[in-house]
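Here is the structure we will look at.
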Amino acid sequence: MPGEQSGWLRGLTGDQEIAARFSDQAQFESFARFESALIAGLANAGLIDVGAASDLEYRILKFKPDEKRIAAAAVIDGVPVPEYVRQLRRTLSGPGSELVHHGATSQDLTDTATVEALRKVVDIASARLDLLIADLDALEERDGRRPLKAITRMQEALHIQASARIRIWSDSLKALSERAPSLRLETGKLQFGGAVGDLQALGENAETVAVTIADKLGLDWPGNGWHTTRRPFLACAGWLTELSAALGKIGQDVAMMALRGSVDIAFSGGGSSSAMPNKQNPVAAERLVALARFNASLMGAMHQAQIHEMERSGAAMTLEWMVLPQICETTGCGLLACRELIGSVTRMGRET
Amino acid sequence: MPGEQSGWLRGLTGDQEIAARFSDQAQFESFARFESALIAGLANAGLIDVGAASDLEYRILKFKPDEKRIAAAAVIDGVPVPEYVRQLRRTLSGPGSELVHHGATSQDLTDTATVEALRKVVDIASARLDLLIADLDALEERDGRRPLKAITRMQEALHIQASARIRIWSDSLKALSERAPSLRLETGKLQFGGAVGDLQALGENAETVAVTIADKLGLDWPGNGWHTTRRPFLACAGWLTELSAALGKIGQDVAMMALRGSVDIAFSGGGSSSAMPNKQNPVAAERLVALARFNASLMGAMHQAQIHEMERSGAAMTLEWMVLPQICETTGCGLLACRELIGSVTRMGRET
Amino acid sequence: MPGEQSGWLRGLTGDQEIAARFSDQAQFESFARFESALIAGLANAGLIDVGAASDLEYRILKFKPDEKRIAAAAVIDGVPVPEYVRQLRRTLSGPGSELVHHGATSQDLTDTATVEALRKVVDIASARLDLLIADLDALEERDGRRPLKAITRMQEALHIQASARIRIWSDSLKALSERAPSLRLETGKLQFGGAVGDLQALGENAETVAVTIADKLGLDWPGNGWHTTRRPFLACAGWLTELSAALGKIGQDVAMMALRGSVDIAFSGGGSSSAMPNKQNPVAAERLVALARFNASLMGAMHQAQIHEMERSGAAMTLEWMVLPQICETTGCGLLACRELIGSVTRMGRET
Amino acid sequence: MPGEQSGWLRGLTGDQEIAARFSDQAQFESFARFESALIAGLANAGLIDVGAASDLEYRILKFKPDEKRIAAAAVIDGVPVPEYVRQLRRTLSGPGSELVHHGATSQDLTDTATVEALRKVVDIASARLDLLIADLDALEERDGRRPLKAITRMQEALHIQASARIRIWSDSLKALSERAPSLRLETGKLQFGGAVGDLQALGENAETVAVTIADKLGLDWPGNGWHTTRRPFLACAGWLTELSAALGKIGQDVAMMALRGSVDIAFSGGGSSSAMPNKQNPVAAERLVALARFNASLMGAMHQAQIHEMERSGAAMTLEWMVLPQICETTGCGLLACRELIGSVTRMGRET
């Protein structure tokens, strides 16, 4: 994802809580958890003395890398891990220290850090989703019996109750919420394949080491690396994009109700206009549509990134790095914007 | 999907067997199944005499519509159903005939016809997928122990065996094959919502009628219509797009092995060049990449179509109609092309 | 572009006149023009006797290929040209016949055929565009002084006249119309590069031959082949996609006016509903939105196809073949749909 | 564009110089230039005393807004301008101060600020482009006569010289460079339409005011606002996306030459591997491919944003804000990455 963004736009389309999951600090802490768990795995496999290992694990978890130098080196290396490992190795000594990163590769660390970030994002999104669903249930409780004109193909159709439209919104969100636990499992996979994906450097110890790392990180070990088959990332991006589309549909509907006016909906707050101070623009509703269309396009890029050539594609990985955090942030932002929007609705359906 | 296409290109990118699932004839047969099942449902609800109903069902299933007139009317109506129903009604008479289409809407028929087509497409794709997996298992059996240079980030890395690369291909296809049964269930949902999605015209009989239609069509009744929440279509499109990307990865890998030359792979057949008759181009491999990138872009359009405004969006429906059959065909075409490709490999991995 | 499509959908989203520009017959006629012009060029370069050449040109232009066998061979060769040339050569004999296709490559024929098709498409689109602009001018003449509520950010803003909204539509179309002549020049480039793009087989005769072919076909010779730099195609696809977006904006506006109801707009005709016969759906307006969003996604695929590796990418070419004709057809269809739509408007702006 | 991004990734995919053109500070300075030019225009129209106006212009240009409060208000208003104007007004007093922002609307300021940013981006990109072209000319001068195997459809074809491949790269870049001046003109359009796009608040003074603003800002006044027809932005995004694709083609070609090995190309530097220290990965080449595919997807989103409903679409504007700065940055980053890459090539073509 490109650099500095406009501060005011960040508030409209970004999400600080989710952005923090992809910060250098968060990623390098994931790297440390991986490298220390790897040491534990090498100890379980009998390649490092257990006492030396626990001391190394402690020091790895305490390690504070020089982020600026890593950023500089990443431009050359295409990935932050080589410089991270160089720095880490310099801080370690004694028995076992020569085995730091043994059997692993850069992608094992970056992918596993992404897995940890995505799992947190799913948790954040799920929690917000449940609050939003509660908001919609409350809206239905309050206004559900109010009459509305159904709109099909941009034309007034039969009478419905507000509850019918609200329930279409909340049902789609509930279905997404119900998928969150299985998505969490599908995403929570340890990446561990080594230089060319087959853990050959660890020979018969591979399974022991992998299972230990997975246990330490609370991840599932799928039995092999998945450097080039990215289902855990794609499934997560797909769920988030579907979620932002469900929010976009709410935004589109609310914007159209706002267009139809007070016969359909009334708000408190709303955006002010520099030219027409009397207006109350359904700004959050429009944002939801923009966020959904943005993610739909990024999801196309995620599918492009699935064509991951040979044993490792730097091009495909870099494309994922540019796209995934943005899908996470825009979806998270949409959840907050949708709660604002629903909270600002003072009446949905006709006055009776 | 736009009109006439170049015949020679159809052979490269289309799939006649799958295209037939979306033909007018196939769709109108689905319409007839729906309308006859609806009559049965109205009879179960006591709205039509059972004897009269079974006679109507028989005549509806026998009905042969005037496809040309439907096509002409569809341009005006935006959907083929109104003219289909007008024609059908003219052929029917007697008790119950006035209740043809009662409680249903155009989208109920078009969506259910799409569900029936997609379910067949999943069956066709799954069968081809299993054959392709068998081809890859045979390739691994034959050449799996041959040495290969792993390629990471476009550079030679460590030695692997051909089996390592082949298994990455087959494992991703096996994972997709394992998801087919649940996808089949997720896609196989009756669409039935009536004019504005709430089946209001059927009142307390709605459930009885819906369950009858679902039973007759061998579909699942989700308990309500889903005119504006398109998960069954999106899930199917997503699986197909992932499948075509998995095929695209195989194509990309084979094309790159062909670029590296006989040290990696040897073929029989292959494309001829009008300028260099000696060349053997890995044409099927390149097609797989093109088909995958095409579907990745169409999948972005599918996500755009999820922003389905109010109770029915003609814009979103039309966009789905343009995209879904193409995703099905290109994926089906890719499965056939990949089998050709693997079948043409006479050696994978170094000669020993 | 995939195969058979639903007949009724073809009427909604396809364009027979434009589709015909990409038919096998149209392409093979372009091939014949190219091959005969090439013979003339070889004669101008002194490689063939002039009399023999004019006889060969005549026979090449008369040649009727076996389309079925070409389609079958294209699946193997990845392109229809090798079999076309094989068939052509079998029909020719005598002096110079051994030089048929001399110095050319498959892509020279397919790209030049696409150039010829695109140039015709631009002519068709421009003619329709001018008719549509005239329709909008007439609408402005008739209803331009009627009052309308401007709508900004989905809210009623100040009063405007209908002319203000109509002129935004027509001005964007006029700007596109004014770009058509320069686009026609930018698109009308002979493709001629030979086996690897540098015309090496023709040596010092290359320029003479190229200029002759360009003159015979009424195309511009850019001085070199452009096998891998696709600006002529991308510029044309971009103009068409912008045009379909301008039509989509009209469709979106009209659909929203229809949503606001008779205060804004009144229609004759319009789509019927199978469930609510009283409704008049702005079907053509919704189609315009769907066509525009479809093209926007395909345009993303066109940009993906620009990453055209080495001296010729079968993957990138195939992706273009799948995308370009569809962009042409959907834009052409949109132009016809927009004229229908504007023609159906009986009043735009408030009754006074 | 979403929020905080990973610092190390920013170095790989971002561009600080270009990002600064879209910073809050840069945009608010553009706002000040617009508002002060507007005062000058109102003075030219005789609505403000000239002396009072020049004093107001001076104070507006000196005005330092509270960026944090603008960011907070933008989330409510959907745009930063209303709070900017509120703050600005509070700092001004005296004759004419009541006319600050008179006749203008938020979009006039945000679009014009984007125009100013894009024009700077085109200048930055053009300057880098010319340096890159010089690098490629030097590479051709040094290595152009070295033999290479042409690669068509992933197969070795005839012999070429390195100059043939290099010239394809530089010719496409030179064509883009030649389009820069006309693009600069096409992009450099004043946005000025007022509340609903027709400058109605200024009546007969509109032209005088608009021309003054355009002169002060060194922009072209197209004769009317273009709130809903976004050609200046789309043309610029298209040129940048084509440029990043031309860079992506270079990256793809270099990556494939690196795959083929020292027979084709040799590098100094290159990325290190955490697992295989001996490798030299063509990291910049892969980045160019990723940046190009990313922009191709974003360009699809730009086309989606062209469907700009009624007199102002907050959804379409917001989508453009998310997409445009990223297209600018990734293209700028690609230009720097491509210069690094070409600079690291120590030999292209076979050793002789």
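Note that the chains take the letters A, B, C and D in the order they are written out, and that residue 1 is the start of every chain.
Keep this in mind: a contact is a pair of C-beta atoms (placed from the backbone, for glycine too) under 8 Å apart; a residue touches a chain by one contact, two chains touch by 3 or more.
The structure displayed is predicted, hence computed values, not measured ones.
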| item | value |
| --- | --- |
| Greatest separation from chain C - chain, by CA centre | A |
| Chain pair, B-D or C-D, that carries the greater number of C-beta contacts | C-D |
| Chain centre separation in whole Å, for chain D relative to chain C (CA means) | 29 |
| Interchain centroid distance [CA atoms averaged], chain B/chain D, Å | 40 |
| Overlap residues in chain C, where contacts from two or more other chains coincide | 78, 151-154, 157-158, 195, 255-256, 271, 273, 276, 281, 283, 286, 289, 293, 296-297, 300-301, 304, 313-314 |
| Complex contact set, residues of chain B against chain A | 78, 150-154, 157-158, 160, 164-165, 168, 171-172, 175, 195-198, 200, 224, 228-229, 231, 234, 238, 241-242, 245-246, 248-249, 252-253, 256, 289, 292-293, 295-297, 299-301, 303-304, 306-314 |
| Partner chain B, residues of chain D touching it in the complex | 151-158, 255-256, 258-261, 271, 273, 276, 279-283, 285-286, 297, 300, 304 |
| Chain D-facing residues of chain A, complex | 1-16, 19-20, 22-24, 27, 67, 70-72, 74-82, 85, 101, 104-106, 194-195, 201, 251, 255, 269-276, 281, 283, 286-287, 289-291, 293-294, 296-298, 300-301, 304-305, 313-319, 321-323, 325-326, 329-330, 333 |
